[in-house]
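Report on one structure; see the data block that follows.
Chain lettering (A, B, C and D) follows the sequence in which the chains are written, and residue indices restart at 1 in each chain.
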Amino acid sequence: MALPAPLRGVVPPVCTPLDSEGGIDRASLARLVEHLIRGGVHGLFALGSTGEVVYLTDAQRRTVLDTVVTAAAGRVPVLAGVLDTTTPRVLEHARVAAEAGVDALVATAPFYTRTHPLEIAAHFRRIRSECGLPLFAYDIPVSVGTKLSTDLVYALALDGILAGVKDSSGDEGGLRRLITALGGADRARGGAPGFSVLTGGELTVDAALLAGADGVVPGLGNVDPDAYVRLHTAARGGDWSLASAEQERLVSLFAIADVGPEDRMGRSSSALGGFKAALRLLGVIEEQATAFPQIPLDAAAVERVAELLADAGLGTAR
Amino acid sequence: MALPAPLRGVVPPVCTPLDSEGGIDRASLARLVEHLIRGGVHGLFALGSTGEVVYLTDAQRRTVLDTVVTAAAGRVPVLAGVLDTTTPRVLEHARVAAEAGVDALVATAPFYTRTHPLEIAAHFRRIRSECGLPLFAYDIPVSVGTKLSTDLVYALALDGILAGVKDSSGDEGGLRRLITALGGADRARGGAPGFSVLTGGELTVDAALLAGADGVVPGLGNVDPDAYVRLHTAARGGDWSLASAEQERLVSLFAIADVGPEDRMGRSSSALGGFKAALRLLGVIEEQATAFPQIPLDAAAVERVAELLADAGLGTAR
Amino acid sequence: MALPAPLRGVVPPVCTPLDSEGGIDRASLARLVEHLIRGGVHGLFALGSTGEVVYLTDAQRRTVLDTVVTAAAGRVPVLAGVLDTTTPRVLEHARVAAEAGVDALVATAPFYTRTHPLEIAAHFRRIRSECGLPLFAYDIPVSVGTKLSTDLVYALALDGILAGVKDSSGDEGGLRRLITALGGADRARGGAPGFSVLTGGELTVDAALLAGADGVVPGLGNVDPDAYVRLHTAARGGDWSLASAEQERLVSLFAIADVGPEDRMGRSSSALGGFKAALRLLGVIEEQATAFPQIPLDAAAVERVAELLADAGLGTAR
Amino acid sequence: MALPAPLRGVVPPVCTPLDSEGGIDRASLARLVEHLIRGGVHGLFALGSTGEVVYLTDAQRRTVLDTVVTAAAGRVPVLAGVLDTTTPRVLEHARVAAEAGVDALVATAPFYTRTHPLEIAAHFRRIRSECGLPLFAYDIPVSVGTKLSTDLVYALALDGILAGVKDSSGDEGGLRRLITALGGADRARGGAPGFSVLTGGELTVDAALLAGADGVVPGLGNVDPDAYVRLHTAARGGDWSLASAEQERLVSLFAIADVGPEDRMGRSSSALGGFKAALRLLGVIEEQATAFPQIPLDAAAVERVAELLADAGLGTAR
C-alpha cells in the first residue's frame, strides 16, 4: 500500500515471538499483528530494536517480514528495519525487505565504526537512491553511539531523502527544535510537508504530540495498543487532559519493562522480557522467550508483570 | 518570605551581570531582578549555572545574593544555588546564603569525585539537617556526571528532605515517571503534596506542565520572562494550544543560545553570551561580558542576537 | 595449522584492499599477506576492525577469509573476526570461518543492544561450545560500548573458554591487572598457561610486552611489519632500550592515521585511509579505496602520508 | 626550594588524614610526610584528588599546605593542587598556596561547565601569568569531563606556560605521543627540555618510565613509597626486569583500592578508604576516616586490607 505522507498515528515496533529453540513463531507473530491492527494502530514497524532485529539471522529477518506483510494484508503500512553496521550491509537487508513487499525502510546511522556527519548523510542518501522505498532515519544514540543532529535530519528532510524520523534519542528539546524548524504547528507550510516526525518514547507521547509530532512508535504499544490509540485520538481532538491521563496510566504500566533485576540482566532483556511475558499472559503469543544470550525473566518477575497488567485493567488469559 | 509549597510557576535562573573587569555589576543585577519581577515571574533562582555560579569567587557569590535579596524585597521567593564539589564545601555556601536571607537552597550531587547513590542521599540529608532552609535537588548530569535516579528523588521527597527538584537532565521520560510516582495529575493525594517538580529545560515547558510539573526554570526566561509567564498561565488555564504556540515562539528565540560558533567557544560561553547580549540590547544590563575564561561573542554573533530579538518582536533599546 | 598456545608475537589485523567499485581486490590482498609474512609476523588477524569487517557483506567476508587462508598457506596461523551484533549472528559467521579453514576465531561482546556481563559470558561460552575453534575475546569498548572486565576475561580464561584476549580498550592498567592475575611474568605457573594476552594498541607495545603481554595486533603493522617484529624481538631478548626506540619510531609513523582532517571525516576513515594510502605508495596494494561511506583522503593527505613514510625510511614504490 | 626542571622521580599525592569529626589531623599528616620522605620520594603533591582536596574547605586546604610545607622543611619540593571549577576560583587558591610557600601549582581544566580548548588554554595562561610559580596541568578526564589534548599540552609546554603534566587520563598511547613530540628518549634536545611528564597511574609506572616519562604520582605511594622508589631507581638504571617485578608486586597490592563493595560505596570511598586504612594499620596515621559523604570501609574490608599488606610483606603496627 502507499505510505501516507506524512505517516501519522500509532506505529508499534512489533515484537518477534520466538519458540523455545529460538526460532520465529510465525503463528504467534501473525496473532500479534492481528492484536495490533484490531487495537487500531496506524502502521507496523517490523524488525526494530523491540523486534530484536539485531538478534535475528538474515533468514529469520526474512521470515519476520514475510509473516508481518502477509498478516497485515495491506490494512496498514509496514515499515521494515534494515539495521546493520554500515551501508553495504544495510543495502542487502533493504533489497530483501523490498522483495518482501514492505512499504518503507527504517535505518540507523552506521554503528560499531566511528563515523562523521558527512558519512552519515552519504549513508542515508545511498540507501534512498538504491532502494526507492520511503526511508525513515532511526535516531537511537544509546545503541548507535551517535546522535543525529537536528541540522542533518532537517537537511535530509528538505532534500526529500527522508520520509521521516523515528526519534528514540530521548532528547525532547532537540525534537522540538526539529519540529519548529519544519514549520511547527503549521507543518503543511514548511519545506517538507510530507515529512513525518515519530517519537520512540513510551512515556512522553502526549508531550510529543502537543509539540507537533506526527506519531509514536511505542514498544509498550505491543501490550496495550488500544491505549496508545486512545491517547493519540484524544490529542488529535485537542483533549489534552484526556491524553495526559492516558499517558499517566501508560507510565505506570511501563513498569513491566523494569521487572528484571538490574544486577542479573541487561535492560534489553528486562524490557523485551516484560513485553513478551505480558503478551503471553494476555494470550497473544505462545512463549515469552527472548533471543539468546538475553537472560529470561524469573517467575517472580513474571508474577510482577501479571500484577501490573491487572492494575492497568488488562485481563489476562492465563 | 515563606516559600510556597509546592513552589509553582516561572523561576528564572538569574544571570549575573559583570563589568568589564569581571566584577559584579550590582546596578545591572538589580535592574535584571526588576525586569523579571515586572515580567510576572514567581520566584528567582540566583547562583545557578546560568548565573555563572562556578565562575564566581565566594565574595562575589555573597554580593550576588545580597543584591538579589534586596532587589526582590520579598515580592517573590529567592532560591540560592550552593553549588560546590562536596558536602563540606556546600555547607559553607549554605550558611552564607542563609545569612543573606534567601528562602531556599539549591544543591547538586557531589561532582569531580566518583560518588555513589548512598553518598548522594547522605549529602542531601546533611545539607537539609544542618541548614533548615527548604532544599531543592538540582539534577544536571551534563555538569555533575551523575543522574539523580527517580527512586532517589522520590525517597527524599517522601522523607521531607527535599522541597523539590530542578530537573536539567533532559530526561523527560524520567521526569514523567517521577511525577507519576508522586501522584500524577492529582499530586495533592500523593505522599509529598508540597514537593515541587521544576523543569530546567527551555524547550519543553508546555510538555512538562502537561505532564504535571509545577514550574520551570528557564535560562531564556532572563530575556523574555513575559513569554514564559504567558505560557505558564495558558497551561494552568488548560489552553494547551496557546501554551504550545508560546513554546514554539520561544524555541525559535532560543537560537540566541547558539550564536557562538562551536569551533571557537564552549556551549556555555555561547548560551550565556547570547542571553547577556540580548539583555544588553534590551537595555536591562550594562555590559554583556561573561566570566573568564569564557570566550566573548564577536560582533557578528551579537548582530545575530539582535535579529533574533527582532524576529521575536522584542524591541531593543540600543 | 595448530594454533600455538599461547599465541605470541606480532599478529597484524590485515587490511582489506578494495577495488574502485568496493569489491575485494584479491590479488592485492594476497600480496599484502605476502608482505606481512615476509616481514616476519607470527600470525594474521583477518576481518578485524582494521580489515573493515563491519563494512563487508557476508559474501565479501567469505572471500577475504578464503584469500587470506590460501595466501598464508599454513605458514602462520590465521585468526578470523566473526564480528556481529549478537550470538545468533556471530555463530553464522563462525561456521563460515571454520569452513574456510581458519585457525581461531575472534569475537566481541554483543553490541547495539544493552547487555549484561552474565549475557556476555553466555555469549562467549556458546560460541566456543558450538564452534570448537580456539576463541579470542576482542575488547574494543569504543565500538562495542562495553568494556570486558578483568574478572570476566580471567574467569573465561581459567575455564578454557577463551584462548586469549585482544585488548583494544586502551586501559593499560586493566591489562596489567589481568596479566598479574594470570600469573604475571611467570605465566606458565598460572591457571591458564596457554592463554594469550594481545594488545591492540600501536603505541604501547614495548610497555605491554614489558608488562608480560604475549603479543600485539597493530593496525600500523600492515605498513611496517618488520618494525613491529624488530620491537618484539628486542623485547623478547631483554633489550628494552632498543624496543623503546623502535616503539618511538613507530609512534612518529603512526601520524599517518591522523592525516584526514577531523572536520571532514571520521577517525576510522582517516586511520584506514592512511594505512591503505601507505600500502599503495609502498607498492603492496593497487587502490587505496576505503569502504563506503567512509570519506577518501584528499591529495594533500596522501602527500602527507608519503612524507611520513619517507621520514620513517620506508622507500615508496610510486 | 627551587623546583628541579624537569621534576623527576616519585611524587606521591599526599593523603589528608582526618580526625573523627572531619578535621585535619595535623600530627598524622606530618607523620605521613616523614614516612614519605624517609621512603625516598622526590617530591610531595599536596591537595590532589587522593588528598581529598574537593572535600576540604578553604581553611582546611590552607592547614594542609602549612602542615606539609613545614613538615617537608625544604627537603623535597611541595606541589599544591589548586583545584576548583574555573579560573577566578583557582586564582584564589593559587594565592593562598603561594603564601604557604609551596614550590609549584597543579591545576585541572575548568570543570562543571562545558568548556572549549581555547578556553582551557586561556585558563592555564592566566594562572601562570598571575601566580609566577611553576604550573603543572592535571589531566584527569574521569573527574573533569574533558581530556587535555596532546596538542594543547605540547603547545603550552613549548611556550613555557606549563612546567609539566600530571597525566591521570589512563591514555597511555596519548602520553607516548606527547613524549615523542617532546623529543622522546632524548628529551634534552626537544623544545621544552625542562618540561616534566608525570604519570598518575599506579599500575603502569614501569611502562611510563620506559616510554620516557620523568616521574610518577601514585596514590598507592602513600602506603609503600619505598617500592615506587625502588621501581624508579631500577628503571633509571636500566634494570627493566627488576622494575617490572616491582610493578607487578604493586599491582597486587593495589587491590587495597578495591576492598569496598561497589554496590555500597563509590570508587573514591573505596580507594581512599583503602589507602587510609593501610596507613593506619602501618602506624602512620591515627584514624582512617575519609571525608563526608564518603562511606567508610567496614570491618571485613579493613581485614582484607590487612591481609593484602601482609601478602606484600608490609608489617603492620596494629
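The definition used in the following text is that a residue touches a chain if its C-beta (ideal position, glycine included) is under 8 Å from a C-beta of that chain, and two chains touch if they have at least 3 such contacts.
Predicted model, so just to flag it, every value in this text is computed and none were measured.
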Any chain that touches chain C and chain A: none
Equivalent interface positions on chain C and chain D, same or different at half: same
Furthest chain, CA centroid comparison against chain D: A
Mean-CA-position distance for chain D and chain C (Å): 35
Centre distance in Å when chain A and chain D are each reduced to the mean of their C-alpha atoms: 49
Contacts with 2+ other chains: residues of chain C: none
All pairs of touching chains, each written as two labels joined by a dash: A-B, A-C, B-D, C-D
Residues of chain A defined as touching chain B within the complex: 170-173, 176-177, 180, 184-185, 201-204, 206-208, 210-212, 238, 240-241, 243-245, 247-248, 251-252, 254
List of chain D residues in touch with chain B within their complex: 22, 49, 54-58, 60, 83, 85-89, 92, 110-116, 118-120, 122-123, 126, 142-145, 264-269, 291-295
